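Next, two complexes with chain A in common: one pairs it with chain B, the other with chain C.
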Partner chain A sequence: MNRIKKYINNSNVSRFRFIVQILAFFLFVYGGYFFIHVGQQLPTFACPYNAGSPGTCYLIAMQHGLHMEWKDLISYRGLAFFMGLGTFVLFFIIFNKSWCGFMCPLGTLQDWITKVRKATMTKFSRYDQLGFKRLKKIKYVLLILIIIIPLGMSNSFFGAPKISHDMSAPFCQICPGRTVLPLFSGDTSQLFIDFRNPTTIVMSSLGILITALFFVGSFLKKRFFCFFCPMSALQFLFSRFGVLRLTKNGENCTKCGNCYRVCDVGILEIAEDVTSKNIVKDDCMMCFKCVEACPEENCLDVKVLNQKIFSSTEEGFFKRYGHQEELTKTTKEKDA
Partner chain B sequence: MHKFTDTDRFNRVKKTSTIHYNMEVNKVLSEIIDDFPDNPEGMNYFYDKFKIPDGSGSIYPKGKKLIASMCIHVPVELIIALDAVPVRICSGAYSADAAGSDFLPAKTCPMVKSTMGALYLDMLPGNAKPDLVINPTTCDQKKKIGEMGDEVDKEFYMLEVPPTKDSEEARQYWQRVIKKLIKKLESVTGNKLTRKKLKRAIHAVAHAQSEFRKFMAMRKNVPVIYGKDALLVTNAYFFDDIYSWTTNLEKLNKELEDRQKKEITVSKKKAPRILLTGSPSIFPNMRTPVLVEKMGGVIVYEEFCSSSRMLYDTVAVDEWFLYDMIPGIADRYLKPSTCPNFSPNDDRLRKIMKAMDEYKVDGVVYQTFTGCQLYDLESRKISHELEKAGFPVLNVEVDYNPEDSGQLTTRLEAFLESVKDNKRKN
Partner chain C sequence: MNSLLNRMNIFKNKGVRLLGVLLLFSFLIQTVDAENHIWFSNKPPADDKRAAPSGMHGLSSIKGKRGSSSVIQWLRQGTHPLKSNYIQLSDTNNFEFYFYSPEEKETQGNFSTKGKIATLTYPSKEEGYYNGYLILKQVSNDTLYVNIAKAEMLNHSCRNGHKNVRKKIGPNAYPKTVPAEIIRKRTSSENFHYFALSGDEVEYQFLIDGEPVEGARLSFNTQTGWQKILHTDESGNSTFQILQDYFSSWQELNNRKVYDYVIFGDFTINESGNYKGEAYSYVNYTTSLADGYRPAKTMYMSMFWAFIVFMVTVIISVAGIFIYRINKNKIYKEVHFDE
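== the complex of A and B ==
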């Protein structure tokens, strides 16, 4: 048992994640072609606009589900909506936010773009902490909007006219998943500006603009889009019930900042917060790179149902960062 | 030459100080080596490092620039990567203290005085002749000697350490300070910092750290090494070549592992386990640790900037390019530092508390140098918290002057007795 533990703690989780991401990408982009269907409540960007998608991102189901009159909320329609939400939560709490780090095809795509940037030796950018705190609120604003807008299409708020049906599934209209993921099935039909009326012109132009931003942004900044993702905001509401957890034992932390340095989404609390036990923040995607980079014994732990499955260790840290080999190489060079 | 003093006097002071220094070194070394039986064989390499070198030649490789530094905020990775030799010059020599007094008020901390004296008289470890002295602005006294470069005929470079480390502003400031330092180092060495060399330097330091961590882990169990020896190991890191230091620590670690298996201990297994903290013990100022261990205690952890604080924390980066390595190094030399020049400094208390538990410490000796305000100021809170947690603490104020050992001996003796009593009762 101890040997297995040691093996896992010394292992390279990022490599494992890389492989899982490839598999998940194929599943969520091409799974439909293999008659796989995994439902309409997925807590990840399996985009139905892509013909190969084996399921549906819950955001689209939620936006359509909320397109109902107030009175329907307490009817079978409302019940259906809440059952859908329940399914989403069930899917989600098993893997918690690792849906973002391991499964989301849009997230994977951004990681691949990061690899391209690295190959060109281009420096990545980081938000400063002030900008970080401001910008991270955007995803909550988006989440509120995609709840209010569908309701506003069926109901009148305070006597105001109902919102036009052209705003149906508003987030999908601006989501880069809709434009980008179909490209992997050879479908470019989502790259268009809809000139039917002013609303569609604005929304589809925004969609194209955000798609362009997605590519430029994620080239310059790791996981650029995730920062604004309303799915991430929706998930975080249920994160504390997650089966999979990332915990920190502040007593063992020296604040060396290694975890923050490797964090793709730039969460500073991971290094500075020495009191919280649960260290999953709204931007966290549970990639566990922080655990890999932590040299303190059991400072950061990945737990399933409170059982440690992967922990930070001194030995694992020095193994992963390849220091050992490098020195033998240098001493040999020196001797020669 | 020395602008403000006449050559005659300088030569005279240099001559007598050198004689005193040699005597001091030999005496302390013999106390450390000969008064204790069963020193590990692997320690011989480290003992030899402190012996007076033959002749007046420098022990450092020729043709390389020598960068002297003080405190623990100067990233050695940068110096190594620029093909220069890092030497930490914080001095523990009483024989250099008098010469340093010329520059500083009487109530200055002896470590700062001694370092100034050693710089002035060229009595640095291994006859180092530094091309640049990096002087971090930590305590007030270190800050002010930064203005006295001319008087000791050395080029000083002020490394601006922020007064606090927790705020984002401090981090940003420090990142820029390190970038500026790189420019300076590049111009002094005439070399350019490259990705490959910096990566290799980070790995070299990390390897040293991984051996140091193994060494420390051994001290959590039955005592197989004395603290006086551990202090010499880390003290040698100040001026030794990092590769040979690491290789020799590796050897020592193997020997200690073996001793641990066979349960060959240096002191009695039940000896009171002491944690040493406060103003740093630097060779040849080894009085406190040597006294503690001569009287039957064993030091299992030193929370010193000459020891664990210097070597413990590592650098990790996400992308092995200069743009990520440099900020990574900068963070490592600021954020985990528990130097008392930072306010607040709760991390130091947390670190000590963790060590109390991990190293099964029975009592704490808190050493403050006369005139060292910062450690003095922090002693109250730390002693209070430790006592609240049920650990006995002894606060001692010490000087470099070996004459006033009498009182220190009595107090340490009484303290160790009470720790032993405590231990027996529990």
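== the complex of A and C ==
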């Protein structure tokens, strides 16, 4: 048992993740062509606008599900919505936020764009802490909007007129997943401005604008879009129920900052917070790069049902990074 | 009639007179035949306040007891999708009605002859196409007229998922009970969200006893009065390209605007028989199918402008970041103080 533990702790999880990401990408982009169906409540982007998608991202199901009158929401019809939410939570509980780090095709695409940037020796960008704190709120604003807008299409808030049906599935209208993922099936039909009326012109233009920002942003900033993703915000609401967890033993932390430096999203708390046990933050995508880069014994642990499956160890750290000087050199290069 | 013909010199010859009578008679039959076209419409009459639009497929529904609702269709007569009259049957006991669920089972469809207008209602539960058929038969002039109004209505909610779409969207035919019908051929990419658009080519097949019929007359009628008549090929198929009916300024454009159409199929065969004690030598089948179409996507979708927006965003953001980075990395300048 100890041998297996040692083998896992010394292993290169990033390489494993890279392979899983490729498999998941093909599953969620082309699975439909192989008659695979994985449901409509997936806690990751599997865009139904893509013909090859084997399932549906829960955000679209949620937006459609909330497009009903109050009285329906508390009737049997509403039960369907809550059952859908329950399925989403069940999916999510198993892998927690590693859906983002391992499974999301849009996330994988951003990682591949990052590899292109590295190959072209272009400097990457990072938000300063003030900007980080301000910008991270955007995903919660988006989450609130995609709950309120569908409800406002079926119900009148405080006597105000109902919202136009042109705002149907509002997030999908601006999501880069809708425009980008179908491209992998050779479908360019989502790249258009909808000239039906001013609302659709604004929404479809916004969708194209965000698609352009997605490519530029992902090239310069690792996991650029994940920072604004309302799916990430929705997942975080249920993260505490996750079976898979990332925990920190603050007593073993020396605040060396390695975990922060390797974090694609740039979460500072993972290095600074030595009091919290559960270290999964709302922007965390559970890629476990931090565990790999931590040189302290059992400082960061990946647990399933409270059983450690992958822990930070000094031996593992040196196996992965060679020696301290090399890591310092690498991180300094990255900082530069 | 004879006195009228006698007054007209050209009809003094007996042969010509007979021909004239036959021509006049055939004209009268055609007129009556055309007026007898019956079909099911999902648009309510102006005075029916019970019905409300239901779902994305252009159907109407009425509320029932305990919050339940039923999809409703009204029986109409004529060929014009807007101007046809809402009708009641002249003989409310002489009809056949069949209703099938998407699972191809005879199910709870109700054809009501109460009230001023005959209606078809059913509780919509299963995913896929419901099919309803009203069949009227009548012998006249040695011909058995079989007049069939077909209603094909899609029920779908995204909440119920999209499994087995191809199986559920049909089309289904029921030759055991319905002697003739028009079916709309499904497109290769068709799913629950299909809606015909202007410019689309839609293929129809005319069947008698479940077998395709060559040479049947299909007439496609839109609500703007446009009519196209084609005859089916050896596979019983005819393809209509839906014309552009909707023209509007872009500020007022509504891509969900549904234009109605109704298609009629007509074919006569030599078949002798007896119906309710009346002998006939021919059987004439007339069947209908009504649906709708929306404006063409090209009217409101522009890929060119999407490309412009995309490129402008990329150029501005890249230039912005480039300038930001240059300004951020200003060359250090030492400051000398004069002491």
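Here are some notes:
Here, the second predicted complex is superposed on the first by the 323 of 336 C-alpha atoms of A that agree within 3 Å, B and C clash if a C-alpha of one lies under 4 Å from a C-alpha of the other, contacts with A are read in each partner's own complex, and residues count from 1 in each chain.
Criterion: a residue touches a chain if its C-beta (ideal position, glycine included) is under 8 Å from a C-beta of that chain, and two chains touch if they have at least 3 such contacts.
Everything quoted here is computed from the prediction, not taken from an experiment.
Taken together in the superposed arrangement on chain A, chain B and chain C fit without clashing. Of the two partner chains, neither chain B nor chain C is touched by A:W112. Applying the stated contact rule after C-alpha superposition, one finds that A:A293 touches chain B and leaves chain C untouched. When the two complexes are overlaid on their common chain A, residue A:Y140 makes contact with neither chain B nor chain C. Once the two complexes are laid over each other on the shared chain, residue contacts for A:F16 go to neither chain B nor chain C.
By the document's definition of touching, neither partner reaches A:F26: not chain B, not chain C. Chain centres taken from Cα atoms put the angle at chain A, between chain B and chain C, at 170 degrees to the nearest 10. When both complexes are overlaid on chain A, the residue A:S75 reaches chain C alone and has no touch with chain B. In the overlay built on the shared chain, the residue A:L220 is in contact with chain C alone; chain B does not reach it.
In the overlay built on the shared chain, the residue A:Q129 is in contact with chain B alone; chain C does not reach it.
For the overlaid pair of complexes, the smallest distance between C-alpha atoms of chain B and those of chain C rounds to 9 Å.
Chain A uses residues 123 to touch chain B in one structure and chain C in the other. Of all residues in chain A, only 37, 40, 48, 51, 61, 64-65, 75, 80-81, 84, 123, 125, 165, 188, 191-198, 200, 204-205, 208-209, 211-213, 215-217, 220 touch chain C in the complex they form. Put simply, chain C touches chain A in their complex at residues 67, 158-159, 161-163, 189, 250-256, 299-303, 305-307, 309-311, 313-314, 317-318, 321, 325. Per the touch definition, chain B reaches chain A in the complex via residues 166, 168, 172, 200, 203-204, 206-207, 210, 213, 243, 246-247, 312-319, 321, 323-324, 327-328, 331-332, 335-336, 347, 350-351, 353-354.
Against chain B, in their complex, chain A makes its touches with residues 118, 121, 123-124, 128-130, 251-252, 254-258, 260-262, 264, 268, 271-272, 274, 289, 293, 295, 314, 317-318, 321-324, 326-327, 330-331, 334.
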